[in-house]
Amino acid sequence: MKQTAMKQPKLDVFNQMESEVRSYCRSFQTVFNKASNALLWDKHHKAYIDFFAGAGALNYGHNNPRIREKLVQYLLEDGVTHSLDMATEAKERFLLQFNNLILKPRSMSYKVMFPGPTGTNAVESALKIARKVTGRTNIICFTNAFHGMSLGSLSATGNSFKRKGAGVTLGNTTFMPYDQYFGSSIDTAAMLEKMLDDPGSGIDKPAAVLLETLQGEGGLNSASQAWLQSIEKICRKHDMLLIVDDVQMGCGRTGSFFSFEDAKIEPDLICLSKSIGGYGLPMALTLIKPKYDQWEPGEHNGTFRGNNLGFVAASEALTYWSDPDFTSQISKKSKILHDFLARMAKTYPKEIQEVRGKGFIQGLAFVEPSHAGKLSAEAFERGVIMETSGPRDEVAKIMPPLTIEEKLLHEGLERIEEALQAMFSPAAAKGKVSVHA
Amino acid sequence: MKQTAMKQPKLDVFNQMESEVRSYCRSFQTVFNKASNALLWDKHHKAYIDFFAGAGALNYGHNNPRIREKLVQYLLEDGVTHSLDMATEAKERFLLQFNNLILKPRSMSYKVMFPGPTGTNAVESALKIARKVTGRTNIICFTNAFHGMSLGSLSATGNSFKRKGAGVTLGNTTFMPYDQYFGSSIDTAAMLEKMLDDPGSGIDKPAAVLLETLQGEGGLNSASQAWLQSIEKICRKHDMLLIVDDVQMGCGRTGSFFSFEDAKIEPDLICLSKSIGGYGLPMALTLIKPKYDQWEPGEHNGTFRGNNLGFVAASEALTYWSDPDFTSQISKKSKILHDFLARMAKTYPKEIQEVRGKGFIQGLAFVEPSHAGKLSAEAFERGVIMETSGPRDEVAKIMPPLTIEEKLLHEGLERIEEALQAMFSPAAAKGKVSVHA
Amino acid sequence: MKQTAMKQPKLDVFNQMESEVRSYCRSFQTVFNKASNALLWDKHHKAYIDFFAGAGALNYGHNNPRIREKLVQYLLEDGVTHSLDMATEAKERFLLQFNNLILKPRSMSYKVMFPGPTGTNAVESALKIARKVTGRTNIICFTNAFHGMSLGSLSATGNSFKRKGAGVTLGNTTFMPYDQYFGSSIDTAAMLEKMLDDPGSGIDKPAAVLLETLQGEGGLNSASQAWLQSIEKICRKHDMLLIVDDVQMGCGRTGSFFSFEDAKIEPDLICLSKSIGGYGLPMALTLIKPKYDQWEPGEHNGTFRGNNLGFVAASEALTYWSDPDFTSQISKKSKILHDFLARMAKTYPKEIQEVRGKGFIQGLAFVEPSHAGKLSAEAFERGVIMETSGPRDEVAKIMPPLTIEEKLLHEGLERIEEALQAMFSPAAAKGKVSVHA
Amino acid sequence: MKQTAMKQPKLDVFNQMESEVRSYCRSFQTVFNKASNALLWDKHHKAYIDFFAGAGALNYGHNNPRIREKLVQYLLEDGVTHSLDMATEAKERFLLQFNNLILKPRSMSYKVMFPGPTGTNAVESALKIARKVTGRTNIICFTNAFHGMSLGSLSATGNSFKRKGAGVTLGNTTFMPYDQYFGSSIDTAAMLEKMLDDPGSGIDKPAAVLLETLQGEGGLNSASQAWLQSIEKICRKHDMLLIVDDVQMGCGRTGSFFSFEDAKIEPDLICLSKSIGGYGLPMALTLIKPKYDQWEPGEHNGTFRGNNLGFVAASEALTYWSDPDFTSQISKKSKILHDFLARMAKTYPKEIQEVRGKGFIQGLAFVEPSHAGKLSAEAFERGVIMETSGPRDEVAKIMPPLTIEEKLLHEGLERIEEALQAMFSPAAAKGKVSVHA
């Protein structure tokens, strides 16, 4: 959501000292100090239900107590905190956990790269290795993709406002229409295939296709299994690598650990970050099919590849995935979310264009783009934190921690319903609901 | 230091699961598990004196107890851990501490940007804002500069091995010779000035000059105060921004908080990371002269701009700078280091070309480049961790935590002396020294 | 048509001395020495009917006698031959002729730029001024476009073989599907519009749309009037310039002087070359709507902008356009050509996919791409010069001089019919026809 | 020389119809209609001595009668005028003449490429083949270089005004200081070598070095033989191609056919244009050492590679080079020119900084840059056409046809002397001299 740079007394220190680039703090104008699972408190002890979850970095909730215990213990034992990319026991344990709890049960074989602690590091490294192993430079990416703010990732990001921020011409990427971009009757994968098959199309033979299976920032556009499979097939046919950016959609956000599990595709490279760190700690992975692990030692590096608190937290977080109940709970809560949004769409058919998204990231696309931001503001007044997405910020997005209590989920949705009433049927609007937590 | 990809039994898990890109773990082949100030222990309880300090991320030592206490307390109190760029008390406190302990005492006025948690994020954001406010794209950077691995920063990094890793042509930068690059008789600042003055030189008018005051990765090349002042003057004359990348040299590494304090220059943008997080936690800042803080809200963003554990640790770490004894201790230990290296250079005049560096980052440039790596290996065998730098990895670099105990500093240096003896005067070499810590 | 680099005795001097890059001389392996209108003779006095017309540079025929007379007279009078961009009487006369015979009768108002003597100069200059007046860099171009071989034009050219020749990454262009690219049911102009309307599409706001109304090199793909009008409308809506590259299709090739006259669009910039020089002499124009003529003096220059022989020849050639009979003759002969091709397509429905093109540039698209080259070779054996086009060289192209005698046109077509018979119905094939000219 | 866009009645047609980009016609405000050797006449029958020679395209004078005879004859015989790159007798004869009169006598072995008819085509093609055979993209070029206006050549051109005209970021080139750029005490070839030897310099390993032996547009800066030899050696050491752009300096301008003959270097690629066409007709060559002639057929092409009038004219022009008296005449006249300029420099030591250039392209560098343009204007009033060059247009340049009569040369120089007197010693200035020709 774009914010105008308004000043206000509550955030004096921030207004005076922090750069104008600050953003979310303009929408959610209070100073937070405590958090627990899906609740945040500000310094006036007001509680907020968090339907934003650190933009997907807090799938296991704020300050997950199981993870916190491990962190405190590690700190008190003087475990190595920072290790560059040297070997540590914490890292060793993480690698084993990741292999045993994630890769093996899914019969997946990947080398694990620690590219630096953020999603954009993972994307930059994936683009590098894809270009290296193919000897080509072009990357196919998609309308409304979001991959990060450093120049390599930004070149593959669709948002014109972010792109302009680069200050230089971004290149070596070709944007193609995402699934359903031109409506349901036009097969955009077939379009890509035709252009790649045609030696006169002007599309330089790509090193890779880079995609999100669901575009979280781009407006909750979701790719069908069939489309993903077509793209994979095109990659094989044209000897291009398939890169899935699962930074936001991975770690269970869409219901399974990887967002592409139901599509049964096998990406050559997978980017993970955000919730991989378990506790909201900076961490990222680039998973590389062994045959493409053609890096020279140190060809890509970085100071914070060895954030051992991240390894400790991540190792514990991954244990959630050995519990089948965890995924069935996500599924159950996703249905609650979907049913609610569908009901809202039915209630306000002129205002709400459609329900978008999948799993535990869904939202409402509004006919009038500004309504999404308005809903976010109204929700905040009612103690709910939620954000917008889409090229015109026209989608109101709900993505609570996966671990949110069902009761709190319902309560948050009720407040959103009130906010919508206040916006579209003011007469019917009820009073505010207080949080009992 | 470049490493060949050797396999060895000790690091089985890493060899099997981690990408070939891993690097330092090839030089320092053991699994670490504990750390305290300047000591690291591996899982066989062997202690190592750390003369590398997380490549500058551990200026306050491993697991600094003052900082650890604050972290544990914050965790146990359920302080907000991850907050995107929302306002939190931890961030507020950090901003105030940074202002009160760093900026105000130095009469500096800067807006603080949180560009994401790594040095390359800080550099990318600095380049963006410099390009935005000037409307130009070219950046002057220098031979043997190192600024990071994402494409924007990599374009300004000199190392050909790292650059090639990009897989695409890097542009929008012009490399100029650093101070003393062509020897002491040629003024490279004057060269830059002539080329900028000449409308036919082919150098597109730059947005900014980006520099390190001492090139840590590039071989411990140090810029003189006069040169830095000349560069600043050229920036003013040509209406270019001056960006100091103080990621490695800041936070006291050269003796003062900012590395350029003695040169009395006023950069328009300053990049900080590594030790700003205090405890080795991922964190970075971009400091922006208020008049250049022309960002639109959200024009640059990122998930981990609100690493509150970093804010907590950093706030505590900054208190060191209110203690005058802290800087005088650095100064004293820097002298010990320098005297030692000067003595070594005198002892091995044919092998050692010169002593390089400044403050608490100094090293030996060898005539035969491979000797630097050899020294690192010999030192590791003697329980000392140290790295190489320079375009041919020809400089052996010593950069302990600023907080290292004097006794341990001496002990580490003694072991290095032994390593040099073993390399160059084998007959005189003494036995190994054990660590008493 | 791609040629393999075969050696053969007939062209010894060329094989030994000329670069391997030579191309057409490999298809048409003889040494020519004389030419007149639509006939070429080789040094063995064999005549060839020219259905290629200098790739569109000889619309008025080889050695047009009306033009030749003026050239010889000018040479003998010591008229200025080379004048850089100084003012000469020959240039003045050309400007007046162009205004009086071309612009005024069509109520068109353009400033005339002499960008250098070739089509690629015209395109490069058009891209420059479009970028200058908009302050943007991106150019929309189309699948299978051909605009020239220098880097600016090549960036907008679709052919992958030519693009690869650049040896560098080509950028600042976005390729969109040309009219009918995805078949007749998909409106590619609407696609372009949607992507430009969408701030998240990843298409950086363009300076201009660059197009050919009929893609001569790209396979004789022809844009409909409706599509061209849609593109013009999109240009106006998005404040982009519309550039028509009429280098090959202009000067009457499609029936009218400008190829877009029937579409009633008003390009902001028009590129002319090839036949504008009248006699096959190097010359090019960039026509600029007066409001966009924002060049600084000398901002684009070149040595051969003042090829006065070109001005002299062009001035005479333009007089053809004051004779209504000239265009009606083109129209009549275009119909002969079309009827012939339609008949061939009907005769060989399995081999010939369709008739392509318009006006006096039409051809046959073959199901099996190599048949086009085969036809060209068979035709050459029968004394006809014709070329192929399309991304797979799958289209056999016929584009005689506009001035070809009807009798010779029929004779050439008969020989092509024989060639097709020899290829597809060998039993029915007749003997060779000799040229009586 | 930069010109302000003044309007004036004399050039009405041009002012109204021709683009603002027109340039020389602003300095030399009259309409020319006749020319012969070193004289131009305007339509008022006023004669001008041409000391500009088509910017080097008219080394054999305007309308050279020996060449004209051949052209008229060829036209009247219906010789092929335009042939794309098909084989013609005229082209065959040119190839043989070029081999017999130029290459063989100098023991040079090159394949001849016809890259299109202008200098920038030759440079673009040279860069392409250099990039192809090395697989690299970077090109070393030099301060104040001029190579052409299309994007590939413009990337290697130093002039910031021309570069800005591109409207896009120019890349894949690295500008290094030309010989003597930092004065006579600094060896700029050694600088280049050091930066190429250093894997940390940030200079991506180049495909080639591209240079002019004397920078005609860049201010008549002349490279010494020793410097050229050093550059050649560095090319061999680093496996880079050496490209000499002899577009302006070739064809005898510096005294020998190729400008580098006295330096005894062997370029891998040589670009020729301007006077290679003999009569001012558009023509260009790229000479390629046979081992580097790795083009695929048609990988670079263009419509006007077969300008047969150019071949006819060039074949005749080359016969000058079989006459030893031709070069001794150039040498003699070059000395006259030099002696005159040296005398002027001595006469006006405060105003004239130095004499620049070599052979039959020499000039005066003024202390106050505007004096060069002033001299050009004063000379024009006195019936002499001469231009300025250099990054600040600070050099007044004299480059008559090589064939100028000695008497006319003296007369032109006298008028320049008068112009200088009028500028600097007005009291002593004599009246105007009239041309007797």
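Quick notes on this one:
Order as written gives the chain letters A, B, C and D; numbering starts at 1 within each chain.
Simple rule for what comes next: contacts are C-beta pairs under 8 Å (C-beta built on N, C-alpha and C of every residue); 3 or more make two chains touch, one makes a residue touch a chain.
As the structure is a prediction and not an experimental result, all values here were calculated from the model.
Relative to chain A, the chain whose mean Cα position lies farthest away is D. When the contact pairs of A-B are set against those of B-D, C-D or A-C, over half line up by residue number only for C-D. Chain B and chain D have CA centres that are 50 Å apart.
Taking each chain's centre as the average of its CA atoms, chain A and chain D sit 59 Å apart.
Residue numbers of chain B whose C-beta contacts span two or more other chains: 137, 161, 168-169, 171-172. Judged by the touch criterion defined above, the protein chains are all mutually in contact, each touching every other. By the touch criterion stated above, chain D contacts chain B in their complex at residues 137, 141-145, 156-161, 163, 169-175, 177, 181-182, 186, 191, 194-195, 198-205, 218-219, 390-392.
Residue ranges of chain A in contact with chain D, taken from their complex: 168-169.
Taken in their complex, chain A has these residues touching chain B: 2-5, 11, 13-14, 17-26, 28-36, 40, 43, 52, 54-58, 62-63, 68, 71-72, 75-92, 95-96, 98-99, 111-114, 116-121, 124-125, 127-128, 130-132, 137, 148-153, 155, 161-162, 165-169, 171-172, 207, 273-274, 279-282, 286, 288, 293-304, 307, 309.
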